[in-house]
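Dropping the structures in below, format is C-alpha cells.
Common to both upcoming complexes is chain A, partnered first by chain B, then by chain C.
Then we have the complex of A and B:
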C-alpha cells in the first residue's frame, strides 16, 4: 500500500517519524514532489483566495499525490502539546481538503494533546489499524518512529537544516563544496513550512549562506531554552509554533554572536501578525538589526535578494562599528 | 479608577449598566468612527484583524476622556482574540498611553470563576450585589436584542423612510437610560411599543436573509458598514446568527440560561462540512448556514474581517452548503479600505439575484 505525505506544513517536523511508522507497517511512504510553480498554481486554483500561502501550497501538494497513492496522510493536528494549538487552519484542514475532487481516501486521524489526559496512542492505533491487525506490530512501529524523530531532532539541534538532517538519516549525504566562509551569524525566524521550503522562501537560507552568513533557526535550540525564553511574555502564547518563534527570537536577540534577525511571515497569517509584532518591538528595544519578509504568491525574487543584500550590508556596517546605526 | 472597555455594537449598554450598578466609574469610548479606525491602523500591526485595530482606537479615545483602566475579555486560542489584550497593552505602553489592564479570561468550568473576577473589580460590594449587577446587565442585553430584532422586522416594510432608524435609536436610548430593574422593565415595554409603532406595509414582499460570520463584524455596525441596515432598506428581512445576549450566555455564562439558541446546536448542524471546532465562531458559521438554509431562507451573507482565520476555514467549506441546499451565498470581507458604496452595490446585485430566483421558482410551482 502506498501512503502519500504532502511535503507541506508539519512535514518539516514529523516526516521522519511518519515515514518510519508507515514503512514498519509494510506500507510505502510517498512524499509529494518539491514545491514548484506548478504545485503552487494547483493550490491557488483550488483553495479560496483568502487562505494563507502555506495552506494554499499544501492543497497543491495533496493534489500532486492524487493518482499516485492509495491513501493520503492528513492528520487533523489540533494540538501537539498541553494547552496549545497550531492554528485554526490546521484544525479545519481535512475539511477544507476533503472537498477536492479525485483524491484517494484521507487518513485524517485527530491529534489533540490540548488536554492532558488525551491519549496519543489511540490515534496511533487508529492509523495503524488501516495496515495491520497486529497490535504488537503497531506498537513496534510507533516505538521505532519515535526513535527516528529523536534522531532527527538531535541532528537539527546540531545545526543542520531539515533537508540536511533527512539526508543524513537516509544516508544520502552529498559531497557538496562548502559555502563561502561565513563572517557573521543571522537568525531566521518563521514558520518551518515557510523558511524551509526553498520555493516559497525564495531559497532564503541558501542565499544567506551564499552571502556569507551562518543561519540559525528555532530548530537549532533545545525545547527547554525556547520555552524559558517565551515564558517572559506576560501571557503564555497558545500557539505551539508561535511560542517556538518567540522563544527563538528572544534567545537570538540576546546572543552577542548573532548580528541580525530575519523574520519571515506569510501574507495574511493570523499568528504571525501577533508574534511578529512582539518580536519586532523586542528587536527595536534591543537595537538589533531586523528584517521582516512577508511572503505571498506575488513576492518577487529580485526584490527579496536586494533586501537581503541591503540587510547584510547594514549588519556588517553595524558590526564594524560604523556610527549612527 | 476610571474604567473603559472596547466597543462591540451595543455591548456598551449592558456593560456600562453592570459596572455602574456596582458603583464603578465608567468611561464609554466615543462610538467607533473613522477616527477610531485611523488611530488603530496607525499604531496596530498591519496584518492584525480589524477588531484589534478598532479596540486600540477605542482605548486611545477613552484615555483622552480620562479613562485609566481597561476591562476586556480574554481567551485561550486558537484564534487571535485571546492575545489581543496583551498586544494592545504593549502598543499602548510604547506610545505612552499606558493604562491598567484587567482581562476577564473566559471561565473554563464554572460561572463562579467569572463572579470572582467581577467581584475583584467591584471592590467593596457584596456577592449579592455582584449577582444583581450581572443580572441587570444581562437583562439589558436581552432588551437591546429585542429592539434590534424588532428593527430587523420593521425596516423592510416601513412606510416612512427612516422611521425604523428613528424608533430604534429612541428605544435604545430608553433602555440605556434605565438605572434599576424596575425602570428597565418599564423602558423595555415602552421600547417595544415604540418599535411596534413603526407604520409598515404588510403586503410588501420581502426576502429572508441570514447573516452569518465573525462575531465582531456581525455585532459592530461600524465595522460592517451598516450591513444589516442596508439590507433592511433594500427589502430584506434579516436574521443574524448570533445576538449579544446569546454570546454572553454562551461565552460568559457557559450556556447557563436555557431556551436561547446556543452555539452547540449550530456546531452540531455543521457536521458533514466542518467536523471540528476551528476557533472563533467558524463552526457556528457553517452550522447556522445549514440551519438558515433548512428554514427556507432566500440567501446567506457571510461577513468577517480580512485575515480572520476561523472564518476563512468556514468560507472554504461554505460553497458545499450553498450547493447542497441550493442557497446563494455572498461573502463580505471587511478591512480598513472597505467602502460603504461598494458594499451597497454588491448587496443590490445580490438582492436582485435572490428576487429573480424566487420569482422563477414561484412561477414553476
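Then we have the complex of A and C:
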C-alpha cells in the first residue's frame, strides 16, 4: 500500500516520523515532488481565495500525489502541544481538500494534544488501524517513529537544514559539518514551510549562504530555550509556530554572534503580521539589523535579491563601523 | 582626466555619471529607459563619450538599479550593487551627516535610515506602486499638464483637497470626483502630492524614526509640490541634493572606485561598447515543471551571460563567475 505525504506545511517538522511509522506498518511512504511553478499553479487554481500562500501550495502538493498513491495522509492537526493551537487553516485543511475531485481517500485522523500529550496516541491508533489489527504492531511502529523524530531533531539542532538532515537520515550523505565560507551569521525567522521550501522562499537560505552568511533558524535551538525566550512576552501567543518564531527571534537578538534577523512572512498570514511586528520592535530596541520579507505568488526574484543584498551590506557596514568608502 | 563611471538602469530612467578621482561629478546624463535598457545604456555611453575629453580614462565602472545585472555584463562593471546601497553611499558623500534618505523613483520607493554614517534600517515599497513616480506621470498625462510643471502648479494651491492615497486606482477616482465638484487644479495637484506623501510615510516609512538631516532624492524629487508636502507632513526641512535624479549612478561610481581599489584593475570594456551589437533573448526551459524563463545575452554571436534559471543548468553552463539567480 502506498501512502502519499504532501511536501508541504508540517512535512518539514514531522516527515521522518510519519515515514517510519508507515514503513513499520508495511506501507510505502511517497512524498510529492519538490515545489514548482506547476504545483503552485495547481494550488492557486483549486484553493479558496482566503487562505495563505503555503496552504494554497499544499493543495498543489496533494494534487501532485493523485494517481500515484492509494491514500493521502492528511491529518487534521489541531494542536501539537499542551495549551497551544496550530493555525485554524490547518484545522480546516482536510475539509477543504476533500471537495477536490479525483483524489484517493484521505487518512484524516485528528491530532489534538491541547489537553494532554497522550491524546496523540488516539490518532496513532486510528491511523494504524488502516493497516493492521495488531495493537502491538502499532505500538512498535509508534515507538520507532518517535525515535526517528528525535534523531531528526538532534540533527537540526546541530545546525543542519531539514533537507540536509533528511539526507543524513536516509544515508545519502555522511554526517559531516557542512563548510560554508561565511563571515557573519544571520537568523532567518519564519514558518518552516516558508523558509525551507526553496521555491516559495525564492531559495532564500541558499542565496544567503552564497552571499557569505551562515544561516540560523528556530529549528537549531532546543525547545526549552525557545519556550523560555517566548515567555518573556507579557502574554502567551496562542499558536505553536508563532511562539517558536518569537522564542527564536528573542534568542538570536541577544546572541552577540548573530548580526541580523530576517523575518519571512507569507502573504495573507494573520499570525505573521503579529509576530513580524513584535520581532521588529524588539530588534529596533536592541539595535539589531532587521529585514522583513513578504512572500507571495507574484514577487519576482529580483525584489528578494535586492533586499537581501542591501540587508547584508547594512549588516557588514554596521560590523565594520563605517561606510566602506 | 581619470575617473569612474556609474550607471543606474531603473524602470523609468537610465542615468550615467562620471566622477573624477576626487569624487567630483563631472558629467551626469538622465535618459528615459523606455523599455529598452541595452539601447539606452549604449546611447548614454555614446553621449557621455562625446561630452568627455578624448583623453579620458575610465578607471572603473559600476552598475545599479533593476537592470544592474544586464548592464554589468554589457559594460563590464567592477561593482554590481543593489540600489539601496548605492543611494546610501551617494547621499552620505554629497550630504555628510545625513540621517534619513527618502527616495522615490519610477516604480519603487525606499526609505533609508542612517546613524553615524552607517545604514541602520531600510524599507522598500511592497508590490504596490501607489506612492511612486509612475503614478504622478500618469496623472499628469491625464490632466494634460507636462510633468515638469506639475510641482509649480501644486505650489499655487491655497487649500489642498483631501485625496485618498491608499491605492492609485482609488486616488484617481477620488481625484475625478474632486474635479467634478469644481475644485481648482492647483488644489487637486497639491492634494495628490499630500496623498502620496501620506501613503509613502504609512507604507514604506512605517515605524521608521525620521530624524534630520532629511534628504529627498530620486526622480520625483524634481517635483517641488512633493518637497513641500514632505516638509509639511514631517515638520522638518527636506534637502534635495543638486544631483538628486542621478544619485543611484553616483553611488554606483563610488562603489566601483572602492571595488577597483581592492581588485587593482578594471573590467570596463570601454566606450566602444556603445557600437557593439548586443542581443537579449529569452526562452522557456522545459527541463522541469518550473518552466523557467531563461534570459540570454549575446555579444556579437557570443553568449556572454544567461540567467533566470532556478537550477543553474543554463547560467552555470557558460562558466561565468557572476551568477545572479
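Here is the rule we use: the second predicted complex is superposed on the first by the 313 of 325 C-alpha atoms of A that agree within 3 Å, B and C clash if a C-alpha of one lies under 4 Å from a C-alpha of the other, contacts with A are read in each partner's own complex, and residues count from 1 in each chain.
Definition applied: a residue touches a chain if its C-beta (ideal position, glycine included) is under 8 Å from a C-beta of that chain, and two chains touch if they have at least 3 such contacts.
None of these values were measured; they are calculated from a predicted model.
In the model built by aligning both structures on chain A, chain B fits alongside chain C without clashing. In the superposed pair of complexes, A:105 makes contact with neither chain B nor chain C. Looking at the shared chain after the overlay, A:38 reaches chain C, while chain B stays out of its contact range.
The angle formed at chain A by the C-alpha centres of chain B and chain C is 80 degrees to the nearest 10.
Once chain A of one complex is fitted onto chain A of the other, the partner contacts of A:67 are absent, as it touches neither chain B nor chain C.
Residue contacts after overlaying the shared chain place A:26 against neither chain B nor chain C.
Contacts of A:273 after superposition on the shared chain: chain B is touched, whereas chain C is not.
Of the two partner chains, neither chain B nor chain C is touched by A:222.
Legend: residue contacts after superposition of the two complexes on their common chain; A:302 is shown touching chain C, with no touch to chain B. With the two structures overlaid on their shared chain A, chain B and chain C come no closer than 6 Å at the level of C-alpha atoms. Looking at chain A, you'll find no residue that touches chain B in one structure and chain C in the other. Against chain C, the residues of chain A that register as touching in their complex are 33, 36-39, 198-199, 203, 280, 284, 287, 289-290, 292, 294, 296, 298-299, 301-303, 305-307, 309-311, 313-314, 317-318, 321-325. On chain C, the positions that touch chain A within their shared complex are 66, 81-85, 88-89, 92-93, 117-124, 126-127, 207, 254-255, 257-258, 288-291, 310, 324-325. Across the interface of their complex, chain B is touched by residues 47-48, 50-51, 76, 78, 83-89, 91-92, 94-96, 99, 110, 233-235, 237-239, 265, 267-274, 276-278, 281 of chain A.
On chain B, the positions that touch chain A within their shared complex are 45-49, 74, 76-80, 82-83, 85-87, 89-91, 94, 103, 273-280, 282, 306-310, 312-317, 320, 333.
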